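What follows are several structures.
First subunit A sits with subunit B, and in the next complex the same chain sits with subunit C.
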Partner chain A sequence: MSRRLLGLLLVLPALAVIALLFILPLIMSVVGAFQVDGTFGWGNFVKTFDLYTKDIVFTVVIVSLSTVLIGLASIAIGGYLTLGNNPVAVSILRFLYRWPMFIPFIVVGQLMRTFLSKNGMMNNTAVSLGLMTPLDTVSFLDWRGIVFAFVWKQTPFVALLVAGAMASLNRDTIEAARNLGASKLRVLFEIIVPQVAVTLTVGLILSFVTMMSVLSVPLMINAQTPTMLTADIAFRVNAYGDYGVANALGLISLVLASSVAWIYLRISLKERT
Partner chain B sequence: MTALRNNFSALWWVPRGIVFGLMAFFIFGPLFNMLLWTVTEKWYFPHTFPLEYGFSSWAKVFAPRGGALESLGNSLVVALLTVAVALALAIPAGYALARLKLPLRGVILLAFLIPQAFPNLTVYVNIARIFYEIGLNGTIPGVVLVHVSHGLVYAVWIATAAFSAIDPELEQAARNIGAGPLRTFRDVTLPLAAPGLMASAIFVFLESLDEFTGSFFVGAPDVNMLPLLLYTTASGGNYQIASITALLLLVPSLVFMAVVERFLKADVLSRVGQ
Partner chain C sequence: MSDDGFLHLRGVASQYGKTQVLKDIDLSIGKGEFVALLGSSGCGKTTLLRVIAGFIAPSDGQVSVNGRDITRHQPDKRGMALVFQSYALWPHMTVAQNIGYGLKLRGVAREEIVRRVSEMSAMLGLSGLEGRKPLNLSGGQRQRVALGRALAIDPEILLLDEPLSNLDARIRLSVRHELRALQKRLGITAVHVTHDREEAMVMADRIVILDGGRIAQQGSPEEVYNRPASSFVAAFMGAENLLHLDGVRDGETFVLQPGAAGEGGSVPVAGRALASGGVEARFRPEAARIADIDMPATQLGVRFFGEVVAVTYPGGHWRHAVSVAGREIMADAERAFAPGQPVAVHVPAEALFLFNTPSGDPVSRPGFPLETVKIPA
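On to the complex of A and B.
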């Protein structure tokens, strides 16, 4: 019994930090979302949907599109690392794909501001290759820039998880399917991906939540309307000191993020029963 | 026949080369573009490369009144303090989670994930309000506390994994020859867990160095940090200084990617989150 007490005592300070610095402010933000001038009501949400419905849709579309692209890219990378039979090509890919993983979001924002702009390296290279003239170049610093930045930064993380899960699969079923004449693509989608589906979904949900809460990328790449909810929250607080609407927007992004996790839980529960 | 097959497999390098080339362009292109900006004196549309190169922006960044040195200093102080506080909290917690029988162990481990698993922007907004009331807003301890709450999941999870990867019989042996529990912990357990704890310290350090949102609401404008400097110079349109700041933030991240496997051994890694 005293061992249990000692254990709890050792964990308590760390737990207290989480409770005081995360859970308490989280509760404050939920309560604050329903508070207008000291009384409870829906006022903040009426205002939020009046002003920001477009941005809510914009955020959902951008984050969902990025999630789908990250998933496809991770499956492609993991699949090639698992099934590729040229060892040189596999090690080139292994070397290439990880680079952006630990680069901070704020730096990713700055990199894309220079790379994707009208005079950025992407357009310049296309012009030098004769694919377009300098007058045809357009800046990609809008929704496309945000999606590019998210996919660039998050794919290595999900691909690392997926490739790890694929590497630990039993090779026998893969070899058997190959021997029976199944193409690599069929083996990938019918044998490998279903077995790593849980890892893939966990990685994608974590990415989804991360992208929902990144402030620096939308601020750096596209701060005009329509923009992402995080930029709206920062604007609401810094320009108007309007914590009510900021908290309402925060609650909406919280609901969006947890609904994704909830869908996942439902699917995995259904599969088990 | 084999010659034909060899030719055929050599042909496969054409599509591979195109795909890898495109990947390399899109991965390294943005990095190269940034490196060019750090040494650019003059560069405007529609020129593919800078018209003049030079280091005058570096001189500006590191000038005594450039603001970068202050930001760099603040960032390092905050990151080191964050590591110290996070490890002081995580070492006892990790040891307890690995060795002592705890009720609701899984729930406790998950609790540390909460700050990473919820969109945290409004949380920081409300922390800033609390800190404002108690005078912590715009102070270094305030920023450190925010960074600790965010980095604690790495600290606690990796510390727990590091302690559970140690063979309990080694501790038992030390106890059998008469060492007390604290001495055993200090002379046997802690040195054995050191590489894993080092890895968790690096994770927390980087997480703090790169953190933007919390510093933006709790620190700015009184406590200037590198990510904030990057944001203000970039929105002011100064690509040179923004790129140099980005490079300063980038180097530790890339170095870490190269060395992480040295500290985070497979026996620890496989126990993370369990």
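On to the complex of A and C.
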């Protein structure tokens, strides 16, 4: 047997797993999205846009907003870890910031329910501190809750990547800017962030795609309309057995997620040339 | 050393954890002077530069510029610009942006920045490269961008942290002279850190040699080269050959006793603080001359006897490793002597650096017979 054939044989199991568990279901979902009662057509999409246009916009806005906030928070964390003067504060932050990464989304959802609800921990603390009366308390278990949960859960992941990239920068480039009179904030945004921009973008895109696929958080925090596409897909399948519309919604999610990946590809290609 | 010092260091000390990196550094640098901080790695020269630049706060002492105490000033409030060993150019900025960044930080108008950047590029031979990123420049060009970035803000003091060590050998030689000429033309005060003796010699007005966090000696290149103050300085300035001898001071003459190493001789004290007893004798290979052992000495100086161990030709002359009294020394000759040949190594009096050994004890056994050196029949 030639070496080439042996090589192919070795990758075959992996290839089969991808083909059977990923590519085949994907094709079936795509085909299913265009099928209404056994005939091909746009029916599922018409229905989807009739019922869920608001949810599509809601999802895009929530995930985009979360991505921006995650980006800012991880720049802040990475920046403090790189430029912070107080060694104790830096090591405390370094120890603390990764924790949410190890908590599953469903647990995050549960945590946020007890923390953000009308008589949750956040409001109770504010009331006991005399910052507001029990009558003024508002539940944050709506879009704000989802954003809060996403940012809390995903920031450590992006911050980990960003802080790592910042730590491996040539420190002299930072000191050169300080030497010329740049403030720490300018050093962060004009010297450090541009040098870790690619890492930051990769982290944010991975986060964006992850958040697009989270079901537990919108279900637990915001089970009303408008809600996120994942909750709608689950609802179509579980309540109606309507795989057609669910597939159409899935395809729209896929298009949204891959559009971000496409932006990234363009940036990285431009940088290389 | 000028008394009207422009940059003053008084009793500067620095600690890194429990390690004392710098001790009692007193240094006064005149305006427009080019000072080289010379030392082997770990001697504290870069730390001293960073203390001057303000990146490290000294644990003790004072740094002042023009009579103004700047010990606790931020790096950018000192009127200094630092050129880094790694150049530390910002890879995401073009050459023009790199050079102009300091001006941008100072809120200089855009047109003025453009003017100043093109002035800098022209001066440093970077014209036409302003739009490039540092990644697309050669080592020499990067080094000039780093220099341009530092000079663009018109600093009073230019600090150079081994700026030439990343250049290849041939470019380094020409950049030395360019840098020195530029510094003279701009009349800027410069402090240059290097471990390269020759670089310090050709560039600096004054050389400050550091050893173990202290100043071992400072003076003009000619002074530290010809009148080293200690055995360490002599070795660092190229006098690597070391022999232990005994000597007796006789007024203004120092008489070296005959011993295992050779026949001895007498040299003028010439103002040195030499006391009778054991001395370390140091000299440069190029100052020593090898001759046949039965040739009588023709010049004043000291002769050592030994046996050739190895011979190489580094160019211009032959360099011999010679075993003298159990130690190996290097010495030059116009012609090659074969390994195994007994030879005399002559060192002129003015090229022989003598220092009392720390203990002062005599090193050789009295009455050591000269015959132990093989003299051919």
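Please note the rule applied: the second predicted complex is superposed on the first by the 262 of 273 C-alpha atoms of A that agree within 3 Å, B and C clash if a C-alpha of one lies under 4 Å from a C-alpha of the other, contacts with A are read in each partner's own complex, and residues count from 1 in each chain.
Here is the rule we go by: a contact is a pair of C-beta atoms (placed from the backbone, for glycine too) under 8 Å apart; a residue touches a chain by one contact, two chains touch by 3 or more.
All of these numbers come straight from a predicted model, not from anything done at the bench.
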Which superposed partner A:V17 touches (first subunit B, second subunit C, both, neither): first
Partner chain in contact with A:I191 - subunit B first, subunit C second, else both or neither: second
Which superposed partner A:A182 touches (first subunit B, second subunit C, both, neither): second
Subunit B versus subunit C as contact partner of A:V158, first or second or both or neither: neither
First, second, both or neither for A:T173, with subunit B first and subunit C second: second
Residue contacts on subunit A - larger count, subunit B or subunit C: B
Interfacial residue positions of subunit B with respect to subunit A in the complex: 9, 12, 16, 20, 23-34, 36-37, 43-48, 89-90, 92-93, 95-97, 100-103, 108, 111-112, 114-127, 129-130, 145-146, 148-149, 152, 156, 206, 209-210, 212-213, 216-217, 227, 230-231, 234-235, 239, 242-243, 245-246, 249-250, 253-254, 256-257
Residue ranges of subunit A in contact with subunit C within the complex: 170, 172-173, 175-182, 186, 191, 194-195, 197
Subunit A - residues contacting subunit B, complex: 3-4, 6-8, 10-11, 13-15, 17-18, 21-26, 28-29, 32, 86, 89, 92-93, 96-107, 109-115, 118-122, 124-125, 127-128, 134, 137, 152, 206, 209-210, 212-216, 219-220, 230, 233-234, 237, 243, 246-247, 249-251, 253-254, 257-258
Subunit A contact footprint on subunit C (complex, rising order): 53, 55, 74-77, 80-82, 84-92, 101-102, 105-106, 149, 153
